[in-house]
Amino acid sequence: MLTYLRRRILSSAIPLLVVVLGVFFLARLTGDPANLYLPLSATQKMREAFSAQHGFDDPLLVQFGDYLAQLAHLDFGESLRTAQPAAEAVLRAFPATLQLAGVTLLLAVAGAVVVGSLAAYRPNSPADRIASFLSSTAASTPDFWFAIMGVLVFAVTLDWLPTSGTVGSAAWVLPVATLLIRPFGVLVQVVRGAMVTALSEPYIKVARSKGAGERRVIFKHALRNAGAPTLTVAGDLAVGLINGAVVVETIFGWPGIGKLMIDSILQRDFAVLQAAVLLTALTIFALNLLIDVCYVLLDPRVRQGAMA
Amino acid sequence: GAAADAGTVQIVLPEEPPTLEPCDASLTATGRVVRSNITEPLAERVPETGELEPKLATGWKRTSPTTWRFTLRKGVTFHDGTAFTAKDAAFSIDRTLDSGIECNVDGYVFGDSRITASAVDATTVEVTSKEPDPILPLRLSFVEMVPTSTDADSRVREPVGTGPYRIEKWNQGINLRLAQYGSYWGKAPDYKTALYTWRAEGSVRAAMVSSGEADVAVGLAPADGAGDHAVEYPNNETSYLRMDADKPPLDDIRVRKAINYAIDKKGLVASVFAGLGKPAGQLVPDGVTGYNPDIKSWPHDMKRAKSLIAAARADGVPVDTKITIIGRNGIYPKAAETMEVVQNELREAGLDVKVKMLDVNAWTEYLLRPFPKDAGPTLLQAQHGNQAGDAAFTMEQIYGSKGAQSSYGTPGLDRRIQRAEHAAGRERQARFAEALAYQSKKVVRDAVLAHMKSIIALAPDVSYKPDSASGDEMHLAEIHPAG
Amino acid sequence: MSTHEKEAGATGRAGLLRLLAADRMATAACAVLLLVGLCAVLGPPLLGDLAREQNLRAVKLRPFSTGEGWEFVLGSDSLGRSVLARLVVAAGTTLSVAVPAVVLSLLIGSVWGMWAGFHRGWRENVSMRIADVILSFPSLLLAVVVLYVFDPSIANLVAVLAIARIPVYLRTARAESAELRGRLFADAARTFGSGNWAIVRRHVAPIVLPTLLTVAAVDFCFVMLTESSLSFLGIGIQPPDVSWGLMVAQGRAELRNAWWTVVFPGLAIIVTTVAMTVLANWARIAGDPAQRWRLTTPKRGRTPRGRGSVPDSAAPPPGRPQPQQTGSRERTAKGTSHGEAPRQEQP
Amino acid sequence: MPDTADTAGTAQTAGTADTVGTADRAGTATGGPLLQARGLTKTFRVPRSASGSTRLHALDGVDLTVRRGETLGLVGESGCGKSTLARVLLMLERPDAGTLRYDGVDPFALRGRSLLAWRRRVQMVFQDPFASLNPRMSAGELIAEPWRSHPDLVPRAERERRVHELLEKVGLRAADARRHPQEFSGGQRQRIGIARALALDPEVIVCDEPVSALDLSVQAQVLNVLTELQAELGVAYVFISHDLPVVRHMADRVAVMYLGRVVESGPAEEVFTAPRHPYTASLLSAAPRPPTAQDDGPSRRIVLFGEVPSPTDPPSGCRFRTRCWKAEQVCATAVPADEPAPDGPQHLAACHLPIQPSDRGGSRAAAHE
Amino acid sequence: MNGQATPGTAAGNGTALEVRDLSVELSTPQGPVRVVRDVGFEVRSGQTLALLGESGCGKSMTAQAVAGLLDPVAEVTDGQVRLQGRDILRLRRSDRRSLAGPELAMVFQDALTALNPVYTVGSQLAEPFRIHERASRRAAKEKAVELMERVGIPEPRLRAKAFPHQFSGGMRQRLLIAMAVALRPSVLLADEPTTALDVTVQAQIMELLAELRRETRMALVLITHDLAVVAEQADQVAVMYSGTIVESGPVAEVFAAPRHPYTRGLLDSVPAGHPRGSVLPSIQGSPPRPAAVPAGCAFRARCPLARDRCATDEPPLTDTGPGRASACHYWKELADA
């Protein structure tokens, strides 16, 4: 197991470098940030001074070398926009995203497990058909619709919830609900499919023959076997959430990494972009690793393969 | 809203200020929080009258064509307790205009002009410019005063100023709280504290006022649904289409005129802008030095437009060349729709027009010199705001043949602008007005659309009268509890 | 004899149609997609002008109000254009972006994934890491790069969208093919001397693709919405062309006062996606002879009781796949299918 | 194409039960064995076991000879390596050591066209008729599949007719070509597998437990098909099964495997009536008596104790010694060599203490408790 | 099969399980299909009844119907299942569940998939004790280890922590049996417990079952299609064909002189006893699909004795002698032959 982990971590180093390299060079293909950071009437001299100050006048390779050297000292550069260390901005935004993503994922998985399991319990029953239909609708609902309607209904008309913001637990409801809807829809379908499979396996009958109650049968015997596909898809969804929930962050003023990343792309704030991508890439790689470890914990058969 | 009772006014902005650095105060996002709330300039322009009113300077005098002398207010202290002196003033001016920190204001109001400041005595500052500058005090009204203890080599995020409010806590990403400065030299404002939050979505900002989460919401569009809370105000901005007048077929003035006739500005304002604006014929609105009340919005006259184009065609002007409208998403509400309307009308007039909507940075490439090559004839969707209230901040840049944002100019226009810039007082007004009239009759480089308005939403328990500067600076002192 | 002849015929085209007709949901889905396709093809030539025709004096007409003419049954937008006409015309643009994007990513991702999974070893590892790289790379950056380096065009938009979605298919296809390569029928094909690609084509692809199809169906919605957000950067759809995504995004501000300009295109996206999902699920079942029976609705009195020698044998219980031990750390084949994956006992 | 027909022709003349029965061990009757394996060894990498070994010895020096037209039965308990051997014979696995000669040629050395040509000559019927037929393909497609890799063998226009022919040959109907595997019973599927193996006119068919998934009446049908085909086409079979009566019914010669090794081999009758290796004896005795069987084997059951040792840690010396009631010191130290039986030179057993005809009765008693 | 011939002697005489007129219907796209038709049998404590029949004839369905473990698609439409005289089909779900394990247990056909792959075998073996005896985790584990020892798994304490895939097929089957007999049920239904296994392991398992039966006087219903196993293990045999019982009686008698052509055909197709390489007699054709069982005798299409009457009258299962019954119009011809 340990060797496996070590190998996986090592094999992730190169792709990580590729990401850093790619972001660095591609970002610099997207035009001169001076346009954005200098006043429209800025003189050529001011532009040159700007380039010199931020090192944009060096050849790209030199810039990249400098960047790597900085990285080695854990210096991620300075934001053009806020003149703050990029790492600071990214580290501030990231927990907000992680919290939101974590809560959302937890709820989506828990909800999908319950709904999907119940739907799978009697395949093709009316309840199942309704669940399937609603979940595929949920999976294809434009999220900002949901968000804005949520604000109008629950904050303005009913005044039950705050419109936005991060203060207080009530403020979580709408962002989480918005973020939840698509993953939930997708996951319900996955859980349902996996549970239909698991519930038709012979060991389910064996459990019943031992006198196990239905709850035990569904949630102990079948569910864990339906875990792998659920985990895979949840992992893919989590990657999306880590990359940021731009719509939610924009509408609800949630200070997360998604909006930060988009803003830094649009604002050509290279240092912040690079730091943000590096951090999210690291997280995504770690997440993938975690998922692989979860497979192992979930299914002992995998354990054998993993350690071989 | 429960907010005002606690002595707090809650303001929701479209975006978080990237920094509160006073020398970046010409950035809207920064300026509307900082200016005259946290820091103050020597003098301040009154939007209604266009006059300069004393702030940290009690008076100023032109002592020579290139020198101005400012007398400073006594008894002013910074938030850190130190007294405001001429040294601070000179330092602030130097820091803004002559340091390595690339101040936004520097480029914005001063351009190439080189200025030095020195303290004559504790309450007198002398400012010298290389060239004679009749509006130097106006320019200096954009320089916020900071103590000498401020870092001169790099930007500060949270400045110390002399304003009625000091920064209490900035939870980055979440909110910014200002608290009254107890030893403020002037009249204490009504609210003890001000809490800024930011939401990018207009409808959410409007909803926050409706639901009582905010007292003031800034930068709304009609569709955002502020309803009864909405207060409209002219925001100093003018929307226009810039033409590539040196590329055929736009190099023919008939075509340019036709474009102006073809666009139904009234209809546009009434429907697309939902009444939020005023059809315009020149780039500066009323109140700006140089505004020419005689220039009227071009009438909508499709017949004339068609005949002008026919005439041009008859003379061999390649009117069938594809013209590209370079639009910028979000430049004002319904930017894309506006361009669709324009496109539709120009097509009807007989031109071949396509629309390309870009993001800010890509659009900026077209806005600023050097322009992208191979772009073909373009119409650029643009908007101009003259915060400073003087046409000088408009003309050179936009209409001068070398202006950074200028696609085309004529020697005649250049001459008129030059002359206006060196004039002062009434003469200045007249000369700029003349230059504008010349542009609109003889050059016709633009199709000016409208003087724009904006919407601010106010909760019932606050009162505030927005003025044309409210988009760029919002004085907390002018916000009062209602009733 | 004849009964089973009939059933055997179910593989034919007519049989498929009959199967389709038997499933009401799938029939409805098919009708929806046909309608969308028809709109896409006929919409621009028939309603193109109507969709562009502005009337600044009749903006934001409410839907279902009578007396404005048929073209305004769904109301008009803020430029007074017929929402209905725009909706119809937008179908073409939408499909011309979303379909190539989804199909491209599906094709590239699945072929690559099948190849990687089939060969295992370093090819698989490298492919998975590449997928990780793409996944952790902000696709918006790619879009901005395209905007700056290349000409903004629909083709580039499609490329950006396709690249960003490749990993999804890559991962699923790899997992499935890694599992399938060990199946006995793949071995059997080897004993005839079939090459690797032949095995992938004949034995892996037909099983992997249906699963990927269901993923693609849901992805369709994702691509449509992403497309609209990218048009704001200036790559892709530009006015007066219009796509559903663009309508939804532009109308987003109007949700409070002209809901119909947003809700109808949004519904179009949802309905199309749901229809695709339903149809993909149907196709998966219909394409699998072992599942096909599920689609035939009960028809009373069809059982030919009393007929002499009915040669059809009782279908024996299905072979139960043995737990896969080798390489099982890979995600389960069914894992990434976004739909149901029933592998039930059946007659 | 003509080349295959030729070999099939030769096989036909040689392939009767009688000739094989008397032919000597080297197979000189027809100028050399069709298939000869020497010392085949195959290990798999597996997760570390209790003893720390990571190699599973699936095959450990297996010798095997198959002559034209004969049936070689291969028996042994689950996991002893029968399927692995079959896969090696079909080049689905590459052995770690040992040689395989097919008509004197090493197939592993073949490439390209010659490899493809070789593929035609050896075919396999898989153990699991459920998993070895792609559920998405119809019976016709399945049977025609080999021709897609060998397009020259049967012209495209001929294929449908030929599929029908093959279907009928294995006792199915031409109309069945359009049905899918899951519409067939297990026995019918196995017949599809056989038809597919026949599609390339092979000389040898390796049948890996072709009937173990079937019930009695179907089993009889499949066995009949196989016998008929041999008589008709002269193919040779490697017939793998753990069902002794079935092997006994089918095989000319048998080889008994235990933990990756062949422990006993020889003419079927000799091995079944006079087993020399204790494992063979226990295997024979463990099989339940069929209700109609004549009483010709040991009547009392030898129940072996203990589990089959793990192939990752096989016992030293004789692999069977841990469960053998006759085991002595020598069994743990020396690997027993093949010894011919006194009464039959082709009947070989790898045992230090082979069962003598005289001590059969006594050993049973000893074994039982 | 005494019960069949002389009903009434049931309970007192140690009849552990009695099944009467059991019918099971499957709902299929083509409508309901009866896959088990009026099946009846009886087993006494300590005895073994073999249920014989070819693949798909409804053996597993019957057993699962008895155990109450049918798939949702299947449903018992008729009949009684008396366990120690109590009709368990009429019980409430929870009552029925409390019988599953201590009274009635089942060993499933497919040992490879009948154990939950994600839990240790120890915890799965402990489950009956946890459910029915509310034993503590520790105590249940302890009992599980004892059970493993009982069914001959070496080093049980260590192996209890292992997962199913780490066991060979034979061991898994033993674990399943251990799980079934954990609470010493009075009736055990064993559905092809050895089909997947090879002879040496099969012998071990059969030995184990026989031992348990002797020790606890458990009644065993052994489902199989292996005639040899039946001959060795069972006291009574019931032969099923196409969802119904076509012949029943004491094993030795039935095998010696079958009274149904299907039984006869089965016995004939055993390879042993036929010369090597000879053509084996086999029953031509294949059984009808459950959805399309023809009227009259289901076996008629494959039957050498079939006549016109067989196409119209379905032969009932009738007594053909003490403890024997056959469902053939012409059984006498076979008996006489």
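Should a chain be cited, it is by its letter among A, B, C, D and E, assigned in written order, with residues numbered from 1 in that chain.
The working rule: a residue touches a chain if its C-beta (ideal position, glycine included) is under 8 Å from a C-beta of that chain, and two chains touch if they have at least 3 such contacts.
Keep in mind that this is a model prediction, so the values were computed, not measured.
Path length between subunit A and subunit C in the chain contact graph, taken as the least number of steps between touching chains: 1. Chain centres computed from CA atoms place B at the largest separation from subunit E.
In whole angstrom, the spacing between the mean C-alpha positions of subunit B and subunit E is 89.
Inter-chain spacing, taken between the CA centroids of subunit B and subunit C, is 48 Å. As a whole-number value, the distance joining the C-alpha centres of subunit A and subunit D reads 54 Å.
Within subunit B, contacts with two or more other chains are made by residues 203, 359, 362.
Contacts with at least two other chains are made by residues 55-56, 71, 110, 113, 117, 165, 286 of subunit E. Along subunit C, residues 144, 147-148, 255-256, 311-316, 320, 323, 325, 345 each make contact with two or more other chains.
If you check the complex, the residues on subunit C that touch subunit B are 52, 54, 56-57, 59, 78-80, 144, 147-148, 152, 231-234, 238-240, 250, 253-258. Remark: subunit E residues 54-56, 154, 168-171, 197-204, 206-207, 225-232, 255, 265-274, 276-283, 286 touch subunit D in the complex. Across the interface of their complex, subunit D is touched by residues 1, 4-5, 7-9, 11, 183-185, 187-195, 198, 202-203, 206-207, 287-290, 311-316, 318-321 of subunit C. Those residues of subunit A that touch subunit B in the shared complex are 30-31, 33, 35-43, 46, 49-50, 53, 81-84, 89, 92-93, 96, 148, 151-152, 155-156, 159, 162-167, 250-253, 255, 259, 266-268.
Residues of subunit E that touch subunit A in their complex: 64, 67-69, 71-72, 97-102, 105-106, 108-110, 113-119, 127-128, 131-132, 163, 165, 176, 179-180.
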